Amino acid sequence: MVFAENLISNLFYGALLGSIYGVATMGLSLIFGVLRIVNVGHGAFIMIGAFTAFWMFTLYSLPPVAVIPIALVFGLAIGFIAFQAVIRRLVDAPELSTLLATFGIGIFIEELAKLVWGADYVGFSWDIGTLYLGPITVSYSKILAFFCSVLVAALLYLWFTKTKLGNAIRAVVQDREGAVVCGINVNRIFALSFSIGIGLTVLSGVLVTLFVPVGINVYMGGDYTLKAFVISVLGGLDSPWGAFIAGFLFGLFENGSYAILGLIPGVEPFALTRFVAFAFLLIILLVKPTGLLGGGE
Amino acid sequence: MKIRSYKPLLPLFLIYALLILIAVAVPGMWQPVAFFMFYVALGQAFNIFMGLTGYVDFGYVAFLGLGAYGMAIAIKYFSSLGLISILLGILLAVVMSILLSLAVGAVALRLRGAYFAIATIGVNEGFRYLIEGVRLWGGSEGIVLSGLMRRTFGRETANLLSTFFSDILIIAIAILAAMTTIWILNRKMGYALLALREDEDAARVMGINVTKYKIMAFITSASFAGLIGAVAWTLKLTYVFPEDVFNIHYTVEAIVIVMLGGAGTLLGPVVGGLIYGVLKYYLSVVFPGIQLLILAPMLILTIIAFPEGIVGFIKKKGKKSRISYYLR
Amino acid sequence: MPLLELHRVTKRFGGIVAVDNVSLEIDEGDAIGIVGPNGSGKTTLYNLISGVYFPDNGRIIFDGKDITFLPAHERTPLGLARTFQIPRPFGSASVRENVAIGAMFGRAKLDVESALDIADHYLSIVGIEKLAEKEAKLLTPLEKRFMELARALAMKPKLLLLDEVMAGMNPADVDRIIEVIRRVKDEERIAVVSMVEHLMHAITRFAERVVVMHQGKKLVEGKTLDVLNDPRVVEIYLGKRVV
């Protein structure tokens, strides 16, 4: 009985958190889809978003919800700078170069952040009440985080499907050469997509703090990078929508298995959950490297 | 086999000899040189896989970690054998790394580029969390050996093991890695790897069994990593914590060294390792804590400005001159 | 016994049937030209023979051995060699090393030293011996094609598949290539299959037999001149007489 209640509340929690995982992975998938670049430094941008929320709250008492658009703009700017300074020069370089370069960018951002903000864990408390629903106890800020995530994903979807620019990006994902023939300025699309990808990722960092407002640290991103890899592979690697849905599934899976693994005596369920996640990643890669939700061959 | 094809070892051994001379002759230089040699060895080991195949293994540190555990287990559980437990540890480190590399190779080496890189991160992290999750080998508390080593080997010997023999072994590993690299480069395997690094599909059509050669390079590189882990961690530091030995940080260092010196070249990792080691050693004195802040832009700059690395660059410039005999 | 036998081979990509139920026999020392409009399945046919793809249906027999599902690297040593429509040099290796790699892993199976030695011989056969030391990625597209031909020859194949080697070459270069093809065919009994899309006049000069591909199917096969004057062939080439 306790277990059932535990599982239910964990799954509920997982679904909420999963939506944030989804948004936190969309940027990675967008960048891979358009530029064929895996942003190995992904998590560093989530960290930037988290710190943005923290400082805006601490310095100006701005609630995280209000920081979302600020983080987006901030992220777009960082993304644009990173593209102009580094990525632009590597668009046609071998995969090795882009993997290592994004890796380097991530480390650079983390170390810079450490220099400015220090290596301590920080957090804040934005209390807007708690929901009690049977076995489920969850703060409203987490529910708000969920709705914000869904809204962000929905707006992005509309932008992609209804605007000319959004369609141009999708065309480049589908067929880069074809898009060039159709007169699409691919370099502009690259710059735009990279900026949007990073913008989304920084924004997702705010959502993360809305959900878990503590444990903010310059090295918090590594964990999210790894999760984002698992999720994006699950979602097909080049599809932001696949990533969003996969994020949900991952949230459910992660929190559900935590409840289950906790039943095994003598293990550390937290570490083991992660082990299961990575084992899962390898299995997907082996069985269907294009992702469970991705297309055919 | 013509002697000429082994000439490139000359400058390399010259560098090694010079370093050893400095270590012995200049007071206080033994430890710094040992520190440099660790990076030289790490670069050589990593280069055998990443440099020669063009695949990035972000989870490379898993092999170092496993080697460290191999040595720790041998000392902990076979201390009754006395110093033989060290030999056993070296053996165990290599065997365990080979086993893991076979498993990872079978899974991940079917994948290419980005997918491979992601899979290797998964392996490393998964492995670490498995150790912590099921409390294997001491779980997150790791294995601490200093007391045990003093009791079994005696204070003097234990001290000598960690401050002298481990360094000698690292130098030996660096020499062995260099000889292995040139041996590979001079054989069909070297040409097969060169081909598959450039164009894997074309290589297959050329009759090259790409999977076989990739796995061979992977296993070789992993065994060296296991050796380095056993010697430079367990033997030198006398403890193993999963958080430390599976830290992706060491993979970054290996990548920077290989790229800086020149991926796929013989001399590159030596030059890269030396520059990196020296910079890190003295930077950490001058600017403690910000080495990575300096290293990251260095890596990015290298990739953009001269992706072939220092040795690759010189090799290209010196193509027509006599130098080229000594560079690979 | 024919050297290569394709038996009702089919390859689909999604909805497209790139190669549709094609049967073909090639004997030792044959010189065959394959023609057909863009997208008619010529390159795919080569990919099936060399093992880049496996067919959905049909069998491929080479030298008496069923190679239908043999991995590419295992069929090459049996005596297959090909060039690529878009050249694929091993860019950071020198031209000599590129050719030597062919000699090491193809049917020739030479050791490293002999392969590097013999590479120069093949470079001079195709007339680019001066480029031996050059990094392959620095070659012009045309030079890359010569290098690919040398690399394929160094493999000592029994069957040589050339994918548009002559496209974009001037008449003197075309002459040189045809000369090389004739020579290896006569001296080493290598069967040469060459696809020539635009240079129809070239095909009459070396091909004894011509196969015409159209929408994945083998439309016609026969003696060169007969085929090129076949009304169906004339029709798919925009109603113009080709020769």
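To keep things simple, chains are lettered A, B and C as they appear, and every chain counts its residues starting from 1.
In this text, contacts are C-beta pairs under 8 Å (C-beta built on N, C-alpha and C of every residue); 3 or more make two chains touch, one makes a residue touch a chain.
What you are looking at is a predicted structure, and each value in this text was computed from that prediction instead of being measured.
Asker: Treating touching as the only link between chains, describe the layout with one word: line, ring, star, complete or other.
Answerer: Topology of touching chains reads as a line.
Asker: With chain centres set to the mean of the C-alpha atoms, which chain is at the far end from subunit B?
Answerer: C
Asker: Among all chains, which one's averaged Cα position is nearest the averaged Cα position of every protein chain shown?
Answerer: B
Asker: Rounded to a whole Å, what is the gap between the Cα centroids of subunit A and subunit B?
Answerer: 32
Asker: Report the inter-centroid distance (CA atoms only) between subunit B and subunit C in whole Å.
Answerer: The separation of the two C-alpha centroids amounts to 43 Å.
Asker: Suppose each chain is reduced to the average of its Cα coordinates; what separation in Å results between subunit A and subunit C?
Answerer: 48
Asker: Mind pulling the residue numbers of subunit B that touch at least two other chains?
Answerer: As it turns out, subunit B has no residue touching two or more other chains.
Asker: Along subunit B, where are the residues that touch subunit A in the complex?
Answerer: Its residues touching subunit A are 54, 56, 58, 107-108, 110-111, 113-115, 117-119, 121-123, 125-126, 129-130, 132-135, 139-140, 248, 252, 255, 259, 263, 289-290, 292-293, 295-297, 299-300, 303-304, 307.
Asker: Report the residues of subunit C in contact with subunit B in the complex, numbered from low to high.
Answerer: Within the complex, subunit C touches subunit B at residues 50-52, 71-74, 76-77, 82, 84, 88-93, 97, 100-102, 104-107, 111-113, 133, 151, 155.
Asker: Write out the stretch or stretches of subunit A touching subunit B in their complex.
Answerer: 32, 38, 40, 86, 89-90, 93-97, 99-101, 103-105, 107-108, 110-112, 114-115, 222, 226, 229-230, 233, 237, 266-275, 277-279, 281-282, 285-286, 289
Asker: Across the complex, what residues on subunit B touch subunit C?
Answerer: Its residues touching subunit C are 1-2, 186-188, 191-192, 194-195, 197-199, 201-210, 319.
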